[in-house]
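Each structure below appears as structure tokens.
Okay, so chain A shows up in both of these, paired with chain B first and chain C after.
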Partner chain A sequence: MSETESPGRLIVGPFNRVEGDLEVQLELGAGQVTSARVNSPLFRGFERILEGRSPLDALVIVPRICGICSVSQSMAAVSALEALAGAAPPPNAVIAREIMRAVENLGDHLTHFHVFFMPDFARAAYAGRPWFPLVEERFKAAAGSAVREAVTARAGLFHVFGIMGGKWPHTLTIQPGGVARALDARDKVRLGAIITAFRHYLERSLFGAPLEAVLALSDLDALDAWRAQGPEGNFRLFLEIAHDLGLRGLGRAFDRFLSYGAGPGAGAGTWRDGAGGDLDFGRIAEDHSFARMTGRDRRHHPFDGSTEPDGADEAGYSWCKAPRLGGLPFETGAIARRLVAGDPLVEALALRDGGNVESRVIARLLELAREVERIGSLVRQLEVKGDWHVETRLPDEGRGLGVTEAARGALGHWLRVEGGRIAAYQIIAPTTWNFSPRDSDGVPGPLEKALEGTPVADGERVPAAVQHVVRSFDPCMVCTVH
Partner chain B sequence: MNLLWLQSGGCGGCTMSMLCAEAPDLLATLDGAGIELLWHPTLSEETGGEVVDLLRAILDGRRTLDVLCVEGSILLGPNGTGRFHMMAGTGRPMMDWVRDLAAHARHVVAVGTCAAFGGVTAAGANPADACGLQYDGREKGGLLGPDFLARGGLPVINVAGCPTHPNWVTEALMLLADEGLTGADLDPYQRPRFYADHLVHHGCPRNEYYEYKASAHQPSDLGCMMEHMGCLGTQAHADCNTRLWNGEGSCTRGGYACINCTAPEFEEPGHAYLETPKFAGIPIGLPTDMPKAWFVALSSLAKAATPDRVRRNAAADRILVPPTVHEKRKR
Partner chain C sequence: MARLETFYEVMRRQGITRRSFLKYCSLTAAALGLGPEFAPRIAHAMETKPRTPVLWLHGLECTCCSESFIRSAHPLAKDVVLSMISLDYDDTLMASAGHQAEAILDEIIRDYKGNYILAVEGNPPLNEDGMYCIIGGKPFVDQLRYVAEHSKAIISWGSCASFGCVQAARPNPTRATPVHQVITNKPIIKVPGCPPIAEVMTAVVTYMLTFDRIPELDRQGRPKMFYSQRIHDKCYRRPHFDAGQFVEHFDDEGARKGYCLYKMGCKGPTTYNACSTIRWNEGTSFPIQAGHGCIGCSEDGFWDKGSWYARLTDIPQFGIEANADQIGLTVAGAAGAAIAAHTAVSALKRAQHKGE
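So, the complex of A and B:
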């Protein structure tokens, strides 16, 4: 027990199998969490690092905010730069970038399920469960057969970046006006082969069935049938575990979701109270009340935001600011994307029990199936004889908003340029939304809310249920504060 | 050989890159070399107090530590307190944990340019006061000081790169496990020579354009990127174009400049990354070991001798003029 722990209070950290560093402070009572505070303990100051540089330098700096969402960061930056310049890249470049963004998301979902999330069910505490021997063989951390297979499949999938982006992470091929590498017919068939091989791996290992069968799942009865007598695969294994442990009763937050829209043409939107709605970017603001940042007197729209750390601030308990939409916390991620896109099965799950450990993971796995098919068709749409880049000049003054969807949800960059230099750069990452601290109204962030009521057994130092809830969000802590 | 991996003020990209190791994959490579992960933040089961127990056991001498890998720069701020990065769950700055653990480790490996020299986290105003384990930029020192030697007798091994190639890391670790890495195998910045004694220029597919100074002017042009696009491949120490990334990639193959990410202070080139600074029309940064007069003389000669094919292709995004196919010589 660390010196910071006391009866009725538990501090969990370092919290691993998340990207980056995370600490969770729990107040306990009557065998459950009564209140939670989420602390992002690392501040690097990327928004300040960007100030004063040439705007194009953002494409070198921002991917390095995060080694797991690197391409998503590049995509948000290039969108902001193109908004600034009023530039429109040729169709090939739009498709090529979208393939890279979507492939990175696939790799992240794969890593989350196999390397980060499932190994918790292979812990000794679950040794008595009927599914345990299988889970232990497949998902023991850093050793299970499915963990190893996923790492290998991901490395093969990321050959997409060897062809299109030079390397992953931290490619510079994404540039205002297009992409820096034109693809030829040979590249195109090679990309197709990589995606097809990955699809076959998913069908064999994760789903045990053709993707068409997964994509046909559209209601709760069909999902129950898949759990009861569906094909052998790790998707079904998860459904069985979730049912046995009641994971759908765990980790519910506010049931308010937002997405900036996955892919070109998919609109930004919200989903709350069982229905979709519009998203007004003008109503996004960040609250610094508990963020160890100056500027606590008011909420800041990101075009008017600031990042001045205040190490002496004792009220603050995280370096993470608290983003709010219309004054309220929102959850983002694969489940939000599926809801905003109108996915009937995810909608049925959310209408029944909201966002929870089970529905977040199911949404991610369904997205894996859907996206791998969509990427295959994007590759076929590439016109190798067409243009890949148009010359683009950036103005010396102006501002631009760039938004995209990283694996973990809505990512936005708000850029202001003065005298040909970056005057201000504000970033709100997905886990900034999900793991935000309390705001000036005392309203907790989504994870803080989701942890309330989570059961904690006597003597549990690192409560299993708390780990499931935290990891169900697939947090990326290095993006959170940046 | 056991290994403890800590992530400090970085992006985690070196771990993410390392997971792309292939033939054999990462876990098989480590198994095969007899490398046991005591703990890794991405891969290991243990979390929270279980990890703190392990760290304490190392500091108390109840557990020996063979290799300490640190990914990410060390954050000294604000005002030298290290509070910009407290290790979660411990109420203690990461810089203190790293300093104490380094004293117990047989070898200390800085994974990535952040951990080696400070890297991108130290860019611009360096708001978090970031530095490397044994360097602060080009200057020796950093967290552990210029004279630090690990128990095994080596200084910090700087596997620099942003990110690191998966096999720069795995091969350095395998060499350590095999007692195959000595002080003589490290270059002046303490980078393993097996990859740092090469230049990114070696094996670059744009070499013919370089030879004739047939240059690219905008992204997607096929020409050499040294003259206008900021490419530092002729100066950058790494084997990217002979080893290749994610199957068949490299920065220059991906269509963009090498920004010399294995070097200290690459994050502050003194100009926009993708522009070449020039004096009187001549790039300021010359190819490594090349005298300026010869560079100028050869460049003007080469430009005059540029074949039409090379000149036209350099300014296109695909091959417009293929190399001539010569008819078989008559016997």
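So, the complex of A and C:
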């Protein structure tokens, strides 16, 4: 039912332990993947549903694109509405939203590592490896001790959404002009306590060391030393596995990265050819050549985009459109954020072997450490006596671009309003970038490129290396096509 | 298969101690609103009854139901329930991939024919022969029909499976269709909400597994124990509603004082759910407590009923001078009307099914 084999071709899917549905078609030759096609088989039509509605309806509809990135979707929608209105929320609201966005990202990184990524190393195929008994005990799907601990730690961390959002997923308090919930001094203390408890969990279980020690890692030698004789913890365990299996030689794509900038003050940017650069939003366009969508004649800037499924399209092999920046595919995610922010260790990793299975996962774990620190200081900056919301009137005509960083990378909403109603709403999600199909030049998307050269053993029907590459991107398929 | 395992054996195998098991039984009794004398009955049932497998399928959805479920309040309850069901089939959590995963489905259907529970998250889209949701190369609607055929009962998790939810909003591009309109010959328990409250989900599963029967349902097919009261009935801001004290804008004086959110568009007065009693994220809060009105996400059609920020017009308005008794009377009248409307709709639906 799931894999059909013909000589040289393998279809892998459905994938378990990814968010949503995914199917990958591989062409094989000489024991490796020669080309890959990535299919996002789930389409709901959110952009069509939004058309004709009141712009405020986006606040309820858009988060429901995704049950794990819902706050990021809300953030992008609110940013688009505020851009439309030219509104400036008060500092408290900016900080409060940023805390919620960052906390959701932390939760996703934690889930990715423990529930989605690591259990693949507890497969029987790795039974002979020296690290196997430890991985099996800690990461066996749903039953491993570290998995249970992570799920519990995340539930505790998400009390933040109880306090600030009333509910998660699908939080409602993020509003144009601010937040619906003004925090008091007691809430502030509780938030601080939750973040501290989570920090202790990370120090105990994931890193086995104070976060300061993790944040002090700034070059490859220090990282090697941590692997060889660093503190006992799941971070070191991963470094050992990555070293043993050569994960840094696996899953390299184009080494072009983009980030919209995580948090206020952090700018959007790119990282390519070993250096940072500017990001011009005007040069983003979507190509429909291999998406089952009408509009294949030209590339569309998202303000001018369309989402009309074309079931009769024979060339299309995915519901996913192909976003391009300056005509080229780009990768996004924690590694892109760290690179654009100028993280010396992640930059050293990328300069050595580019984006790969190992460097993507390390970037995520480093971000966990860094963000917990930052969220703690954001909580301290809240002024409970200050304003939390300013009245914001939305104009009947206009457009707005809202961007944010979801756990999986750059998320953008392009909104156009006419006569007080949504005339067009286009969304490009992080996995839309990473799992895009080919474009009109025949250039594959980042995952398609990353899979090329991945080893597949004879008769291997669910190739382990393919699983590692796919999961290293932490796909969110329900966001990819919405 | 020689002998079917009991729940208790499964839990022990998962490393849950006897002491934790008994604690879980009494917690479950409490969560279900049963007296303490029910705890030994739950324990006995779990020790002696063969385990009922749960197959958890995902259709067109956003996975918010699973996300809610795995954060259920009591870690023990969550562990136990998870260990009961993740053994079987769930896309998001299980270890195996591809054909191994599909093989597990076939195996369970064969070994437990007529004796497993099917839990559905999301719904099937019917346009274009179901091609908007393809699982393992086939439309999800086919998988749903296949697994449903030999199931004992179906749990429709969340508003997608129960009613359609936002993906079925106008113009419903994929014709996303709730489960009960596709599977018409099985008992279906609807647990609506976007997502449903974690504790409601675990309690419903536990009830069905331990007592081997379906909880008492209302006319719409929702378990009465969680969906028989409106958010408004148990809202801690209710006294402000009765006193005519309302929030007019986010972060105004009334908002800081925790006044009623009715004028901000709160749908609490027409929404049946347990948010105001059980609350969210391990009981920390719920939307109204965070200063935002209820959007009525557990009600059928909540996605196409007009603005979420416009005040309800189908319940009468009162001034500050109105006394609590008058208000209570008018509200009861409105609720009566709402129930009558529901009844009419369900009767219509039944008539449609008969015609099919």
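As a convention for this text, the second predicted complex is superposed on the first by the 478 of 482 C-alpha atoms of A that agree within 3 Å, B and C clash if a C-alpha of one lies under 4 Å from a C-alpha of the other, contacts with A are read in each partner's own complex, and residues count from 1 in each chain.
Everything that follows uses one rule, which is that contacts are C-beta pairs under 8 Å (C-beta built on N, C-alpha and C of every residue); 3 or more make two chains touch, one makes a residue touch a chain.
Since the model is a prediction, treat every value here as computed from it, not as a measurement.
Colleague: Under the superposition described at the top, does placing chain B and chain C together on chain A give a clash or a fit?
Modeller: Clash.
Colleague: Looking at A:T173, would you say it contacts chain B, chain C, both, or neither? Reply first, second, both or neither.
Modeller: So A:T173 meets both chain B and chain C here.
Colleague: Which partner chains sit in contact with A:L134 here, chain B, chain C, both or neither? Use first/second/both/neither.
Modeller: After superposing on A, A:L134 lies clear of both chain B and chain C.
Colleague: If you stack the two complexes on chain A, which partner ends up touching A:L56: first (chain B), second (chain C), both, or neither?
Modeller: A:L56: touches chain B and chain C.
Colleague: Where does A:A266 make contact in the superposed view: on chain B (first), on chain C (second), on both, or on neither?
Modeller: In the superposition, A:A266 contacts neither chain B nor chain C.
Colleague: Tell me the contact category for A:L22 with respect to chain B and chain C: first, second, both or neither.
Modeller: first
Colleague: Counting only touches as set out at the top, which of chain B and chain C does A:C66 meet: first, second, both, neither?
Modeller: both
Colleague: Quick check for you: in the superposed arrangement, does A:I11 touch first (chain B), second (chain C), both or neither?
Modeller: After superposing on A, A:I11 lies in contact with both chain B and chain C.
Colleague: Return first, second, both or neither, reflecting whether A:L328 touches chain B, chain C, both chains, or no partner chain.
Modeller: Touch partners of A:L328: none, neither chain B nor chain C.
Colleague: Identify the residues of chain A that lie in both the chain B contact region and the chain C contact region.
Modeller: Dual-contact residues (chain A): 1-4, 11-17, 19-21, 23, 41-45, 48-49, 52, 54, 56-57, 60-61, 64-68, 70, 115, 119, 122-123, 140-143, 148, 151-152, 154-155, 158-159, 161-170, 172-173, 175, 177-182, 309, 311, 319, 387-389, 391, 461-462, 467, 478.
Colleague: Which residues, counting only chain A, touch chain B once they are in their complex?
Modeller: 1-4, 11-17, 19-23, 39, 41-45, 48-54, 56-57, 60-61, 64-68, 70, 111, 115-116, 119, 122-123, 140-143, 147-148, 151-152, 154-156, 158-173, 175, 177-182, 184, 309, 311, 319, 387-389, 391, 461-462, 467, 478
Colleague: Can you list the residues on chain A that touch chain C in the complex?
Modeller: Contacts found on chain A: 1-4, 11-17, 19-21, 23, 41-46, 48-49, 52, 54, 56-57, 59-61, 64-68, 70, 115, 119, 122-123, 140-143, 148, 151-152, 154-155, 158-159, 161-170, 172-173, 175, 177-182, 309, 311, 319, 387-389, 391, 461-462, 467, 478.
Colleague: What residues of chain C sit close enough to touch chain A in their complex?
Modeller: 14, 58, 60-68, 70-71, 75, 78-79, 82-83, 86, 91-102, 125, 128, 131-138, 165-167, 169-174, 176, 194-195, 249-251, 255-256, 275, 279-292, 295, 297, 303, 307-309
Colleague: Going by the contact rule at the top, pick out the chain B residues touching chain A in the complex.
Modeller: 7, 9-17, 19-22, 25-28, 37, 39-52, 75, 77-79, 81, 83-91, 120-121, 123-128, 130, 162-163, 218-220, 240, 244-257, 259, 272-274, 317-318
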